[in-house]
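What follows is a pair of complexes built around subunit A, which joins subunit B in one and subunit C in the other.
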Partner chain A sequence: MNRKVRTLVRGVFLALALSAVFSASASAAPSWNFAGKALEGKETIMGGAFESGLTLPGLTTKCENFLYKLTIENSGGTGKGSLTEMPLYNCTTSSKFCTVKTIGAEALPYASHLSTVSASNYIVIEGVKVAILYAGELCSLGGTTARVTGSAGGLLDNVAETATFNAASFSATKTELKALGGKAEWTGVFPTEAFEWHREQALTVS
Partner chain B sequence: MKSTGAILASVLFAFLLALSGCGGGEGSDASTQSTTSSTQGGGGKQASSDPSSSKAKKPTSDPSKQESTNSSTSKAQKEGVKHGSHIAQPKGKRERAPSPSEVANSAVADISLESPNFITTASSEYELPTTYTCDGKNSPPTLKWSGVPAGSKELILFILGLQPIEETLFFNWAVAGLDPSLAEIPTGQLPTGAILGRNGYGKNAYSICPAKGQAETYVFALYALPQVLSPKRGFDPMSLRKEVLGISGDVGLVTASFER
Partner chain C sequence: MRKHLKRGRVVLAAISVVALAALGLAGSAQAKLTGEFTKFQFCPYTKAEVRRCIYSPTTGGEVKLGKKVVPIEKEVVLQGGYGEEAETGTEAGFAKFYEATNGVTLSKAAQNVPGGLAGIVPEASSPPLVKALIKFFFENKITGLTSTLELAKPASEIRVSEIHLAEEIGVALKMPVKVHLENPFLGKSCYVGSSSSPINWNLTVGTTAPPKPNEPIKGTGGVTEFFEEGQILKLKGAELVDNAWSAPAPSGCGGILSFLVNPIISSQLGATTAGNNTAKLKNDIWESPALAVKINNEEHP
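And now, the complex of A and B:
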């Protein structure tokens, strides 16, 4: 084989390798779909869980309901979003001495994006910052504002149209929430639906 | 047209929040409520008002099972119609976010406090090794911190049980008069100028010694104060803590457990 042929063969292999790399990255960037078609423009979706738990190291803080409002779009072939509101309902602690005086998201909006890990689709919410002011005369954290910070990854289910946040989804997305010097856990199954142009349409990610 | 849609969505969202936020007792009975979707009017699809029925549609929380359904397609999905659960109207009281003044008047956990001596458990919580308890040397673990605000005048450290004992906070160690330029207290060393308070055992010392067979969680709290308090040796940590919380400032918090 002469030098020109060898160079040509190498070039073809290189091109094939590069194309494989790029197609792999493309498949790792899922997008938002409504009724089976890729979302064009923006849409507002909401996720809401019946029961969700936010466990801070040492002190479990649970909220009965938890909502989030997300403005979503496909940008550069990847599903992205901006979390603009995140109200919480009926939050309590595991200690009879500690009450949640106030709790809420700070520094909104939070950026988010879709990601595929091992053939499963996830939503990753970045820059989460939740402030919790505890109260109670005999609460060792009373009068203190604790902060939960970090990022959160939730597994998206196309059939149930839900986002599930738990230890497995955090691990898969390599995300972490921290509070009180340790790892905070956020769990909940969030049915998700559109509230603007695509109401009552199937929301999927692929 | 688009802005009308956006306004409609915002109004619906606000309506949803107002319902739960103002509803109080009314909002607590989910069985009598319609769901969020049924209040939208857009889809004309009446969703179940019973959270339990929506719960029945919930997917399994087993991620492995979810992964298997992730790529499957239902008939409704093929038709492009929403097929998953609708969002239920939130129950109960909408929590209020801390106001800027509340945050300013509380001790905010913005100082990073840690100990290289803590053991990280499988559940990513911290455990206190036996050597730092009365079954070991009963000397405090090394504590390191960063993020003390510029201009702080004094640091005060408390180690106390997460749960009170006999209706009072139980302090294991109380140290005032720490120089704000400090970034750590090495194990077994008391920095110059440090003032010890009386712990729950009645001594001006450190001690962690729960009852045998009992698991306790300890809160390590380092307060950075904008003014000097400098209490006298043997001070009452409960009173000093009240004073500290009244002044506000930043705090570093970390918790660790020990089962004897």
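And now, the complex of A and C:
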């Protein structure tokens, strides 16, 4: 009798453990939702960064206007996206000797997908390629085009409706941007707001 | 008396002027670079053609010549300046190099060759004449052998590609070199490579595409750091590599016995055709616009 009970208890624990694993993997593929309902079809979200900076060790490049346009959809139960536009304007550097002559995203669109890591939702943008041409006759990078390449992961906040890119979000999503042979750090807070069928509806990810 | 005083004042004034002029001259001669700019003290930044200064100490890596591997244990410095990159022609994308003002564009550092003389001229398998002579060196323990990397052609033959360095593709540094093997037995003129037949290194921080038996290897541009408010950049921990180069047979080894010794060394090295040799240079690369270096110098008389 005792042995039967023990076997039953073990069975229940095993079932619970398995269901926990399955629910974890299910939540690892979050989707886009508007007003609590999963997005059907496509939607465009766009906006400008509240603040954004790119740091090569010792030299920060900031852009006053960092805009983006992202087409999103749920595909196979997972939120996906395509970053089609990413214009950057009014960029400056932390060095008085270095200016940004031109800056622009190359090889658009960039594919993106949603991911859950430790109960937090992230957007991962892949294949990023941004060219920055620095100028300044006393600037060590003057006349050099630095290409920022790699992937970027940003933490999604359902309450604030923002995506925040920083060292922690890159680490959590195991993403990395590189420039001039080294690691580049990108920080930025972007609003996530729909501009087509779901205008003014709350965008959440779950 | 008054006349004497007047003359004395004039002489004093003249001496003062000469002294001040001398001080002024000494002042301009002692103009000096400060901070990280001191690394570029031998950059020919006063030359109008020089656009950028470079200082690159290699502190590790190895050179494999045929079967012999020589680790780089002593620092070798490449320094000087380079101009605008060519826009067209066979040298498009590459800039001409200008030699260091102290004449030491590539510093000479004798690296120990593992195995020493016995590893390159083995007593047992040498002809009787060489064996008899080399016996003296082995008995007196004069068996150490060093290998020194030297420029095989003037510094103006070096080429730099900033774009390839930044983007980690293609050749970043073209450098004609020769290897000086040194030991009393080998004499002073034992070289692999020469000015007429140099070893042409086409170093990359990207991936090589060598002929067999070598396999592709990857270099790295290192981590970029900035100094002096962005006027100086450092590629920390860069690694320049090339394993597609060929090397000519050794020459001038063993003095009057070179006709006997050269073939022995050649057989000990084994094949040195393309695909059998490797250069891996672990270094830091410091760069700055020549104008920034010049201004720093002028600001600190």
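Everything that follows uses one rule, which is that the second predicted complex is superposed on the first by the 180 of 206 C-alpha atoms of A that agree within 3 Å, B and C clash if a C-alpha of one lies under 4 Å from a C-alpha of the other, contacts with A are read in each partner's own complex, and residues count from 1 in each chain.
As a working rule, a contact is a pair of C-beta atoms (placed from the backbone, for glycine too) under 8 Å apart; a residue touches a chain by one contact, two chains touch by 3 or more.
None of the values given here were measured: they were computed from a predicted structure.
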Combined model on subunit A where subunit B meets subunit C, clash or fit: clash
First, second, both or neither for A:155, with subunit B first and subunit C second: first
Partner chain in contact with A:50 - subunit B first, subunit C second, else both or neither: first
Touched partner set for A:128, first subunit B, second subunit C, both or neither: neither
Contacts of A:120 with subunit B and subunit C, given as first, second, both or neither: first
Which of subunit B and subunit C A:163 touches, first, second, both or neither: neither
Touched partner set for A:197, first subunit B, second subunit C, both or neither: first
Of subunit C and subunit B, partner touching more subunit A residues: B
Contacts of A:182 with subunit B and subunit C, given as first, second, both or neither: both
Subunit B versus subunit C as contact partner of A:93, first or second or both or neither: second
Clash with subunit B, by subunit C stretch, listed 111-119, 129-137, 183-191 or 219-227: 219-227
Contact residues of subunit A, present in both the subunit B and the subunit C interface: 57-59, 95, 97, 138, 140-142, 144-147, 179-183
Residue ranges of subunit C touching subunit A (in the complex, touch as defined): 162-163, 166-168, 205, 220-227, 229-233, 235, 238, 287-289, 291-292, 295
Subunit B contact footprint on subunit A (complex, rising order): 34-37, 41, 44, 46-48, 50, 57-59, 63-65, 67, 69, 85, 87-91, 95, 97, 100-106, 118-121, 131-133, 138, 140-147, 155-162, 164, 166, 168-169, 172, 179-183, 189, 191-193, 195-197, 199-204
Touching residues on subunit A, where the partner in the complex is subunit C: 56-59, 93-98, 136-142, 144-147, 179-183
Contact footprint of subunit A on subunit B as seen in their complex: 2, 5-6, 8-9, 12-13, 16-17, 20, 36-37, 40, 42-45, 51, 54-55, 57-59, 61, 63, 66-67, 69-74, 76-88, 90-99, 102-103, 106-110, 112-114, 124-126, 160-164, 167-169, 217, 219-221, 245, 251-255, 257
